[in-house]
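Single-structure report; data block below.
Think of it as A, B, C and D in the order they're written, each chain with its own count starting at 1.
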Amino acid sequence: MKDKGLIILFSLLAIIILSALFAPLIAPYNPYDVDLTNKFAPVTSSHILGTDHLGRDVFSRIIYGTRMSLISVLATILLVLFLSLIVGSIAGFRGGLFDSILMRICDVFLTFPTFILALFFIGVLGVGLINVIIAIALTHWAWYARIVRSIVLETKQKNYVTAAKCSGSSRLKIVLKHIMPKVLSQVIILATLDLGHMMLHVAGLSFLGLGVQAPTAEWGVMINDAAPYIREHPELMIYPGICIFITVAVFNSIGEKLRDRYETKEFSSSESELCVKS
Amino acid sequence: MIKYIVKRLLLIIPVMFAVSFIVFTVLRLGPVDPAQAYLLNSRIPPTEEALAVTRAELGLDKPFFTQYALWLKGAVQLDFGMSYMTKRDAFGDLMYYFPTTLKVTFLAMIVVIIVSIPLGILGAVKKDSLADKLIKFFSFIGVSTPSFWFGFLLIYLFALKLNILPPFGLEGISSWIMPILTLGLMSSAINTRITRTSFLEHINNRSVWYLKVNGVHKNTVMGKYVLKNSMLPVITSLGMHFGELIGGAVVVEVLFALPGVGRYVVSSITNHDYPVIQCFMILMTGVFIIVNLIIDIIYVYLNPKIKYGA
Amino acid sequence: MCKKLISINDLSAGTNKYQILHNISFDINEGEIVCLLGQSGSGKTMTALSILNMLPLNVMQTSGTILYDDKPFDENMRGSFISMIMQSPASCFDSVFTIGAQFKDILLSNNKEYSIDKVCAELEKVELKNPHDILNSYPFQLSGGMLQRVMITIALSLDSKIIIADEPTSDLDITGQKEIIDLILKLKQENKAVLMITHNLAVAKSCADKIAVMDKGRLVDIFNKNELLAENRHKYTKELIAANNRLYTNKWNIDLGENYAEM
Amino acid sequence: MLKCENITKIYNDNSWFSKKESIKVLENISFHLKQGRSMGFAGRNGAGKSTLMRIILGLEKATEGTVTFMGKDIHSLKYNELKNVYKDMQVVFQDPQSSMNPQFTVYDVIKEPIENYYNYTKDEIKDIVLNLLSAVKLSEDKMYKNITHLSGGEQQRVAIARALSVQPKLLILDEALSSLDMIIQAEIIKLLEELKEKYKLSYLVISHDIRIILKLCDDIIFLENGIIKDRFFIEQGINNPSDSFKNMMIV
């Protein structure tokens, strides 16, 4: 069953990514063409999902929205991984003074509630997509850095690292062959699980008008624009919401499948005497 | 135990001190110059001498540390300076809105606890039954739904179509229902899952097996041993999720037009209204730290390993 | 008066994919120590689990019957008729409750009254010096050996007819093993039947009345202690003895004391 | 070959607030191991045997005393200088499963030391691994199997093969047999005896089980809470052992 599930999920993900990459080809219209005469057009062959309050084609705006969301989330996760891997492994490997300084810095970042800290960074940096990416990355990296550090410390004590040291492997070789693969695999799984969560934060910020600004085609903004017309045209607000939901759901399910699959491999299959699953 | 609590309470002071220092310095490092923001907000053209005058007025020309000292002296007496926009005392305005935000957050926290713990345990005890599948489906939906979009759906359904709940503003008890549901949805979904996995983990634990083999009845094992063990990770996750809820409260207040801190802060952020931002950060972080302290104390009370430093 | 406490005949069990136990039959009489001897993976623990009626989810008993004092199994036999001492005791106690709390719950569920001084007397019997502190301390504050003795005391105060001991000696060093074996012999004096599971022939030889040898899920040999060296022993038992001897012939030609001696 | 002079190790628990307690784990241990002879360290769990091993291997620093191996003082060497010390001094740990990376196959585990010390081509390494496997009596088809799929005995054989891959002069066995079943223990001991003759190895056996030490070693040192209680040589046999050593001998 698992493989079938994974195939469906990955095909969904592929659709999302492809529509983001080839947005200009797929989208029938330019998402920014305002055509006031054709406001709130119902679903027709020319406008598959109708048009919004400024007559822009909803379907093309959604396609472009995919691109915006994916870019923002991927940029954030790369920034988070970059920061946390460096800080986490330095703290984990060097230990001593480095470790305590870096960990105090992480503690400081973790004393603030994540979304509030994001709001604060936007207050400092100003609104806009790049600032949103920086803000969300700055609020999440500390948690990852802690996890990277704990994995590094835990693996360092493992017997097979001492054994590798005793069979003459250089420090670098031990890091690359024994410790990093374990750290990366764990962190990637956490990242996939967290992608959805970050996407919701990005959408939340753009809903508050603090993230991506109005004209750009982004799902959070589209929901925000559609809010005043909720009574007559609820569908304008429903389409982008469903897109966010599907993308986040796909990311979460892939993350969970990876986590379950990876965890079973780690569990050694040597016959445990008292297999107590009763 | 008391020693631990006192120690943690004393620890709050340096932490709050550090928080205030960071908030103050990071704001100063930001690209936008406070004097310019002040002039923009009061619609005065930012000419050279106007800038110089405001800098003197706001005391921005003093060396950095004296500025900070002055600000801190004020902050200790709960005077965070004047909001650039409204020209009124920032702390006063915020305190007018703050109780609503606290109410929304704590009610949502209660909803999360009431929903996630029983559902999590039910899902674990009746593993792979219909109830378990429903609970898994609920938590799957909850985790992936954007809270503000869910709010809109509620408004559309209950307020506009069925017309039984007031869509906006704060008329009575009924207008609390939708905001709290919107805010609590995602956190309760995540915590249901955490409770379920933690419960399942402890059901197969060797010590539980030992009790069962030696004839301890099922519900004592479940109700006493497995429950207490599985609650530990849940409590820590609830502590973390309180931060999510405070953040979400801002979004929900904007969505449902509740007289909370949300609206006021959003406008102050767009206009770089520094005093308000500083005051907002310190209030929110303060609450978060206090709640986390309470959660920590409960955790240490339940888990003897930390108390006895094993 | 050897009343048959447990009689197992033609017991087989396995998962839907493969068979684990193949028609095992043996009896455990009152006041007798039976030792289930076999290498890891020979199914000896699975046999114990079937006796305890605690087979893991994916394993079913496919044939044969187990009678407990000629009666089929029912739930409240747990604790009162049959109880267990487990391997690596550190993980067998709940780390969030005191030893006393768990001791009390086990006793009360088997409707035995829990009086502090009676329990402390029992604890002293197994050479645990300060019983009161032990009762109010947490499992992670005690050593493996002490926890093992607490388990034995629990089995004693449960006054269950038969006690299953799963590898009680495997985590301990030689002197530790000797202490545990003395305690198990003490159980015998209290007229309790003990089913001891171990992979160590020397331990089996030093405390068992009857030894049942298992290999790959089959009961290949069952004999009394003194018949160990008899001719008609099964090939696998002989192999065990040979392996044991190979461990003792040493270039120091030291006579390794009575139990270790060449068999 | 290996000389240790009055090794002492004190762990002082100087964590921030608790009062300074120092636990003396080892107290002036000195011994001398000539090439070709094997030595055994007997003692109960917690007598300081593994700490001593970690000090000999240079994984831990002794508070006092020196360890000289093949003329070099271990403690003065830096990380990469230790490398060529390890070429002659290899270790087999107690729990085979945890001493090898779970993601590795048998081939990866054994080839790791070979790659560190020699630069052979791919198939040269393959041949070495093959005849190492036959030396430890493991069938070839196990070469590309993941180590978690092997039984305890097979895993320990792989660990031994890995240790032999660099033709060490001294092989340290840290409780290498105590987690195995009896039949497998007997087989591994037979294997170790053959390897000793074949490669002129000396063993440093650390175990709480006196039988294994008597099988493999020429000298015995009995440790009790960090102090050498008895010292025996095969030539003089076990003369007037202390009583704690005596009850180590009889189950």
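Following the convention adopted for this analysis, a residue touches a chain if its C-beta (ideal position, glycine included) is under 8 Å from a C-beta of that chain, and two chains touch if they have at least 3 such contacts.
Computed from a predicted structure; not experimentally measured.
Student: Once you count every C-beta pair in contact for both, which comes out on top, C-D or A-B?
Tutor: Higher C-beta contact count between the two pairs: A-B.
Student: Using only alpha carbons, which chain's centroid is the nearest to the whole structure's centroid?
Tutor: That would be A.
Student: Farthest chain from subunit A, going by mean C-alpha coordinates, please.
Tutor: Using the mean of the C-alpha atoms as each chain's centre, the farthest one from subunit A is C.
Student: When the C-alpha atoms of subunit C and subunit D are each averaged to a single point, how far apart are the two points in Å?
Tutor: 33
Student: Centroid of subunit A to centroid of subunit B, CA atoms only: how many Å?
Tutor: Between these chains, centre-to-centre, one finds 21 Å.
Student: Counting in whole Å, what is the centre-to-centre distance of subunit B and subunit C, each centre being its mean C-alpha position?
Tutor: Each chain reduced to its C-alpha mean, subunit B and subunit C end up 53 Å apart.
Student: Averaging only over C-alpha atoms, locate the centres of subunit A and subunit D and give their separation in whole Å.
Tutor: 47
Student: For subunit C, jot down the residues that touch at least 2 other chains.
Tutor: 40-41, 54, 86, in rising order.
Student: Where does subunit B touch two or more other chains at once, residue-wise?
Tutor: Residues 206, 209 of subunit B touch two or more partner chains.
Student: Quick one: which residues in subunit D touch 2 or more of the other chains?
Tutor: Counting only residues that touch two or more other chains, subunit D contributes 151-152.
Student: For subunit D, which residues count as touching subunit A in their complex?
Tutor: Against subunit A, subunit D makes touches at 57, 59, 79-80, 83-84, 86-87, 90-91, 93, 95, 97-103, 112-113, 116-117, 148-149, 151-152, 159, 162-163, 165-166.
Student: Mind listing the subunit A positions that touch subunit D in their complex?
Tutor: 158-160, 162-171, 173, 177-178, 181, 266, 268-270
Student: For a test of understanding, state which residues of subunit A touch subunit B in their complex under the given definition.
Tutor: 108, 111-116, 118-120, 122-127, 196, 200, 203-204, 207-210, 220, 223, 227, 230-231, 234, 237-238, 240-241, 244-245, 248-249, 252-253, 274, 276-278
Student: Write out the stretch or stretches of subunit B touching subunit A in their complex.
Tutor: Interface residues on the subunit B side: 15, 18-19, 22-23, 26-27, 29-32, 140, 143-149, 152-153, 155-156, 160, 186, 204, 206, 209, 242-244, 246-248, 250-251, 254-255, 265-266, 268-270, 272, 277, 281, 284-285, 288-289.
Student: Across the complex, what residues on subunit B touch subunit C?
Tutor: Going by the criterion above, the answer is residues 205-217, 220, 224-225, 228-229, 232, 302-305, 308, 310.
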